[in-house]
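Got some structures for you, see below.
Below, chain A partners chain B and then partners chain C, in two separate complexes.
Then we have the complex of A and B:
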């Protein structure tokens, strides 16, 4: 009897250790989420000096942001730029991770290369975007190099063409995050029992076979983690396009992301439309995360 | 030695292909390193050049204008020293909060058995997918009501609940923290609080180091929330100052100052990183090796 009560008293510590997380989560995440959803059903904005609302309008805010085309356009922009950056990022990270952890390759100066590839991730996104803005501006060094090397006949205005701005954003995202992804994947790859690789090598498996048949399947948990966090990060894309285009998303709002749009509403204190947009973000993030989960789970069965 | 080992396993034909693959790996790594470093090289060169030199086009060699650009920046209107201090302060405390409390949360789920444990774990995994931006609207209203507007508290304290850091810590505990160790500590008379702080936290050091770096970087990079919360010029963090630089009429600006401001905001971190990188890479390697 005494022993049993002691077990219970240990497990009570489970609740105690959860208190900080739960309290802070409820206060700074849950309450804001609920009030954001609540706000999305009200008309509440400033028109000049006059405050309109809050008046209950039902789902009118949602209808507004879909029918005026804002939401579909900015969702499309965001996804395009995320995919353009993420595909090379994950391929590069898997490749580098496999090379770094391959015992038969025994790459020298690994520490040096790892240090360099993680470096761009430390660079403040806004500073990096500002740097690219100056480097790729019409009178910037990239244009002057290209003209000097006679690759370009005349300076190319990177900032006024749809695909050059999108490519710059995607390239920066890829550059900033592939080192981080490589480190996370490597941690997973190093966690795989080396005996498995040795056994496969003795059995005559090639490096490619080892990668696809041993590394990838065993890497699944970390891979899921990387994909979900990157997807969420991609939908949150803000700093780089915001600074690069000074918040305009130009040319013709083709690089305006969802969060840049939300940011506009938060600054102008349009809580109704901002709330509706936030709820949409919430739903979209949820659906896409579930898809990634489902996709990786069905891969497993095959 | 390598060739011998492979030959002994009857795989002498793969020796050459390993060699080829190694050469390809080095070439790709050198190319990638170049792509990573090129921009910072151009940034460094341009920081040393005057506005007049910059408008004449790019040269690969530094000029002698570094100190003059720096003096101009210091004499300018941007509160750059406040910005650096604010960024360091917020990012450091955020990293401490996120790692310590996430370890605690992960430990609660890992080591104890209690009602609703599974539901709480699933719940945290679910909320890991909610971006902080979707709650920003309610968050701003809340801190307005709590009179925390224009303060660092709403930037630091919410890090206590970091689901992504928690998830990493939980994964790490699953693979490296045997419950028998906790059991042994109990038999030796350690309190639960003591076990956590004196045994679990030290054992989790590699994971804490990795996540501390990631949390620090995330907070250091963070522009969205601080830009909405901080209004006083001397309270602003570096990303907000950079954004101000961008929205200033940059063509009229002294480009030498723009480059030196970018250098200034990334240089301290690069120095610290180069000093710590051995531990960072070592920590990551430790993080993956099962005990």
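Then we have the complex of A and C:
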């Protein structure tokens, strides 16, 4: 009896050490989540110094968001910019990861390069965006260099063309996150049993074959993880385009992301519409994550 | 057993630490409020040393503003102000605390509004005493009881007789109470680059230049000439915006509906034509790098539109190599009269420094000597009609940035004609969003209709109570 109670009491510590997480989760995740959903059913905003509401309006906020047709536009913008950044990012990361983990290459100063590729992520996104804004402004250094080198005839206004703005956003996101992805993928690659590589080499497989037939399939769990976290991060894209376009999402809101749109409602502290929009985003994020998961998991079965 | 006790202790401290961190601000707030609530709204003389821990005698003047313009005025011209550091100063035994929040992205107003809404519960030393407002959003605060009527501070109408009427009209609430005072008048003029005028128009004499910009048609023709010599007529398309938006026939918002005035549409038409013809090089926002480029000779910009504060405060006059520094600007009336901005001093409801605020207001906005000193030292146009009319005739008040030209007569005339009756509380949002939306049209990224639709969409987002269609 005495012995048994001792075992139980050790288990108890597990729960006790979980308390901080549960408390923080409740405080900072669960309560905001529930109150967001609650708020979305109310008309609740501020006009000047006057508070309007909260008045219960049912699903009117949801109807407003569906009928004004903005949501699909901004979702499309967000996804376009995410994909434009994510594709080069994952390719670059896979390549770098494969090189770094390949023992036959005997790369020198690996630690140095691993640090360097991670560095862009240490700069605050808004500072990074501000830097690019200055670099690419009409009177900025990029334009004056291009004009002087006679590549451009006259200064190109990067900020007033749809694809130049989107490309800049995508490029910045790619630059900021490829180091992080590389490190994650490297961890996955190092986890693969080296015996498999050796066996493949003995069987006469080329480096390309090893990569596609061994590394990639065994990397799938990590790849799924990277894709889903990056998708969620991508849907929440905000700081880079916000600062780069000064909150406008110009030209013609073609670079306005969902969160930037949400931020527009917060100007008037419009918690009702903002809440409804957040609920939509919650659902969209959930569906997309499920899709990614299902898609990649079902391939594994084949 | 020992281990178990240690474990319990550790987890307990962890949880206790967490809980206390969350609970602390809430627990503190009511306590301080109780201690100070009794004297809220009392006269400035009331000693409130009881609850202060700071090493002064407990009198604090909190000033909320968006740049250091007012701070510089107080520092240089208010008798008895001593600077301690960039955000604190003293007047007698009162500590002056400056809370400077830039206006970008509405940050100033957001911060001010949040603090004003908490004003009733704040400790006496934390309450806002003075805040500044600008013409674009003055009405938002004038008709609310967050501002104190100046008569409550002991300033009589007779004290204010010399001020320009328009500066008082705009700050008068619907029930007829004057809620704020300004030391400056903001009639605008056309500020031109003398070098460019000589090169292109053959003369930099204000009267001659005026002929080339007398109305919008000649303005456009001059723009053509400027382009031929490599000059951009204005730095950005938004430069001329104020001149049009101040000469409208109605408010932005009428009966809860956004109305785009014909005169503003004229600005759109003219700007689009000028952008397409390459006469205005940039469609960027004001205050940005592309806009500021014209402050220097290499920027090759012919003119800016602006009031006195733009000239003395914003055009890089302190920087060697700028046109302003070399006195290379000239001023002329331009195609139409207009005003821009203007800073009003408001006393916040709940202040405990009424006497001091009244004195600051009186000294800066009615004391003729101080005001003339501001003109002489800072090239501002002050809110004192007789003094300005007197100074307009004197060479000693000539502006250095204008190469010795005295523009005060022009400002006097402009101030007489200032009409702020078409201001609405939504002006800032409408002006900003309109310019942003039209940039798309100017850049060729949208048709006019799409750009207007974009503007209406943005307004409804900003002000959910308005209708745009």
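Operating definition for what follows: the second predicted complex is superposed on the first by the 294 of 302 C-alpha atoms of A that agree within 3 Å, B and C clash if a C-alpha of one lies under 4 Å from a C-alpha of the other, contacts with A are read in each partner's own complex, and residues count from 1 in each chain.
We take it that a residue touches a chain if its C-beta (ideal position, glycine included) is under 8 Å from a C-beta of that chain, and two chains touch if they have at least 3 such contacts.
Owing to the predicted nature of the structure, the values given are computational and were not obtained by experimental measurement.
Residue contacts after overlaying the shared chain place A:246 against chain B and chain C alike. By the document's definition of touching, both partners, chain B and chain C, reach A:17. More residues of chain A are touched by B (comparison of chain B with chain C).
Once the two complexes are overlaid on the shared chain, A:160 sits against chain C while remaining clear of chain B. Of the two partner chains placed by superposition, only chain B is touched by A:104; chain C is not. In the superposition on chain A, A:217 makes contact with neither chain B nor chain C. The interface of chain A with chain B overlaps its interface with chain C at residues 13, 16-17, 20, 24, 27, 134, 139, 246-247, 267. Of all residues in chain A, only 10-18, 20-22, 24-25, 27-29, 31-36, 39, 92, 95-96, 99, 104-107, 110-111, 113-135, 139, 141, 144-145, 147-148, 175, 179-180, 183, 186-191, 193, 201-202, 204, 206-207, 221-222, 225, 228-229, 232, 235-236, 238-239, 242-243, 246-247, 259, 262-263, 266-267, 271, 274-275, 278-279, 281-282, 285-286, 289 touch chain B in the complex they form.
Chain B makes touch with chain A in their complex at residues 2, 6, 9, 11, 14, 17-18, 21-22, 25-26, 28-29, 32-33, 35-37, 39-40, 42-43, 46, 55, 57-58, 101-102, 104-105, 107-109, 111-114, 117, 120, 124, 127-142, 154, 157-158, 160-161, 164, 166-168, 171, 175, 186, 192-193, 196, 210, 214, 217, 220-221, 223-224, 228, 238-239, 242-243, 245-247, 250, 255, 258-259, 262, 265-266, 269-270, 273-274, 277-278, 280-281, 284-285, 287-290. On the chain A side of its complex with chain C, the touching residues are 9, 13, 16-17, 19-20, 23-24, 27, 45-50, 52, 68, 70, 134, 137-140, 157, 160-162, 246-248, 250-254, 264-265, 267-268, 270, 273. Interface of chain C with chain A (complex): residues 4, 7, 11, 14-15, 18, 22, 105-106, 113, 116-117, 140-141, 144, 146, 281-285, 288-290, 293, 425, 436, 439-440, 443, 445-446, 450-451, 454, 457-458, 461-465.
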